[in-house]
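When the chains are written out, they are named A, B and C in that same order, and each has its own residue count from 1.
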Amino acid sequence: MGSPLMQGNAAMLGAQGVWRYFGDFPALRDITFEIEPGACVALLGHNGAGKTTLLKLLARLAAPQKGSITAPPLTETGYLGHGLGLYEDLSALENLRFWGELHGAPAEASSQWLKRVELDHVATAPVRQFSRGMRQRVALGRAFQHFPKLLVLDEPFTGLDERSVKLLQEVLREALERGSTIVLSSHQIPEVMALATRTLKLDRGRLV
Amino acid sequence: MREKLLYGLGLAAMLYLVRNLYVIFLVLPDELAQGAIYRVFYFHLPGYFTAAICYLLAGIFSAMYLITRKWKWDSLAAAITEVGLPFAAMNLITGMIWGRIIWGIWWTWDPRLTSALISALIYAGYLMLRQAIPDPTERAKNSAVMAIFAFTSVIFTYKSNEWFRTQHPGPVLSIRTGGGTIDPQMEWMLAHNLLALLLLAGLLLAIRWRQEERQREIESLRREALSFS
Amino acid sequence: MSAAPSLLSAAWQIARKDLRQELRGKESLNAALSLTVVLLILFSFAFDPAAEDSKQWSGGLLWLVYSFAGALIVNRSFARELMNDCLEALRASPVPSSALFLGKAVACFLILMGVELTALPAFCVFYGVSLLGAPATFIATLALTTWAVTVLGTMFSALTVNLHMRELMLPVLVYPMLIPPLVAAIEITRGVITGEPVPEIWFRLLIGFDIIFTALAVALAEVVLTD
């Protein structure tokens, strides 16, 4: 899409003088930063500070009105928003296969992921029969299964059960070991700080 | 400065309309075949043209919004659609009054009547869509897309109705076509009143446009205030 | 290492997913099918199917019924993506917006065609109508008009997806715009039923409408589906 894919040592991810508005109200004001490949960035700030808006720009769900975003193409991005992004009538495997195909992931990636999150025994059951924790583990696969270079996760720890928190921390660590860059927002500071190599803090649309 | 310009425009439109009304009712004679009622034409036809110009501009403004993403085009598109609808109503209502006197019926499924009504419905839908979307960016974007679809379908509607009704000619149509050429004095008056209505539309557009802009400012100030709480 | 699917194959993946969902849940399928049958019965009270001139208007009635069914089906098209924020996940995927739109329109088209063809025998029996005089003409008209309904309907399904009142808004916005293709379909169907010749202009209108609105919708899909 828009901005060029950066190569070599240049930052794969960054913002240059980014503004994003709701009507006339600037939700993001003059945001500039660069993130080195392989970093795990915790995005902090109060509700309404602009965290979700910034993450959406990084995942290319929206474009800034002013300034520019540097990010890898969508095939190499994994995004997990507030919603799970799962279809209730489809089975766990069908769901992951659908998202995998759209991202160009290999055919066996989905079943491997289900094995990884210990759900391979219910792979063919419709998601509507799953508990909340099980759904979240399937949903993580949506962002992780195609081994993206960039993971953008909006409040991934919110509402997770203990087992899922541990699992999420493990798969995040694995992704970092593979060399992925991770940006995530969170209220659960301790869970995030165990992984984060760096923090960005937003206050009323500005980086502080 | 802008205030004064608006007042001036308003005054000019008012004086012009009063002058036209005076000529229409007290100077011009009755029409030979139709008598006094023909005078609604001085509002019927110019009302139609004004509405059509508004529809066209709404499409252009909407396309401009999508190209430039500047708020002013969105406000202009919203304002001009709102201004156009009363003129479309003027056209429809005067047409119905005339039809009641001359044809003896309030409504007939004449191609132009039908498509004028459908177009008005489509643009009323545009305003309903605007009302229903709370987020200003989404509202501007989606209603601009709707306006482009609306204008395209208005063209289709006119064409298809023409074809449809020529398949089934109504008995009343011959009255219209047998009218003969129009008196130059009357034609001149039509032009005068079109100009007056366009002036009025321009004035209303300026007022509504300003309101739209203010409303957006207020909305964003409200958001700003909320962000501090 | 990973390649995004091409526009057409992405569109087909979306369409296949929508069809699969619809066949599992049968949300709009069952509702649309029962509505068509109920309406066919209801209309038989308003207009006497045994009347001599029934061949003149029964085609029009069929298209009214079909357009009601169409509204039910396109209403679900993007609304289906709301649960669990699937629409946001789709936007974050590499699928181009035009492919997403086309896939959804194709799914709606196939579902609506299925409903229409299933209800067709009921119509023929209830109203004593035979379409066998010009079956190819009728099927072509059915396909062209159904595409007109679904392409415009899917577009407005996307435009209204975030509204609380989308179920109410969509028909109000779409029906007035659908009058030209419906008029054409009604005229052609009347010809098929009565055996009278159909002016070519209606086919041209239908095809022109399909081409122009498909092009507009595909061109504007990107605008509608990205923030």
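We take it that a residue touches a chain if its C-beta (ideal position, glycine included) is under 8 Å from a C-beta of that chain, and two chains touch if they have at least 3 such contacts.
Predicted model only: the values in this text are computed from it and were never measured.
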Task: Between the chains shown, work out who touches whom and classify the graph as line, ring, star, complete or other.
output: complete
Task: Grab the C-alpha centre of each chain and report whichever is closest to the global C-alpha centre.
output: C
Between B-C and A-B, the pair with more C-beta contacts: B-C
Query: Per the centroid of Cα atoms for each chain, what is the distance between subunit A and subunit C, given in Å?
result: 36
- request: State, to the nearest whole Å, the distance from the C-alpha centre of subunit A to the C-alpha centre of subunit B.
  value: 49
- prompt: How many Å are there between the centre of subunit B and the centre of subunit C, using C-alpha atoms for each centre?
  reply: 31
Query: subunit B: which residues touch two or more other chains?
result: 135, 137
- prompt: If you look at subunit A, which of its residues touch at least two other chains?
  reply: none
Task: Check each residue of subunit C and list the ones that touch at least two other chains.
output: 227
Message: With touch defined as at the start, can you tell me which subunit B residues reach subunit A in the complex?
response: 69, 71, 135-137, 216-217, 219-221, 223-224, 226-228
Task: Show which residues of subunit C lie in contact with subunit B when the two form their complex.
output: 152, 155-156, 159-160, 162-165, 169, 172-173, 176-177, 179-180, 183-184, 187, 199, 201-202, 205, 209, 212-213, 216, 220, 223-224, 227
- prompt: What does subunit C use to touch subunit A in their complex?
  reply: 1-5, 10, 13, 17, 20-21, 24-25, 83-86, 88-95, 226-227
- line: The answer for subunit B against subunit C in the complex is residues 66, 118, 121-122, 125, 128-129, 132-133, 135, 137-138, 141-142, 144-146, 148-150, 152-153, 156-157, 159-161, 163-164, 167
- line: The subunit A residues in contact with subunit C across the complex are 56, 59-63, 73-77, 79, 81-90, 94, 98-99, 101-106, 126, 142, 146-147
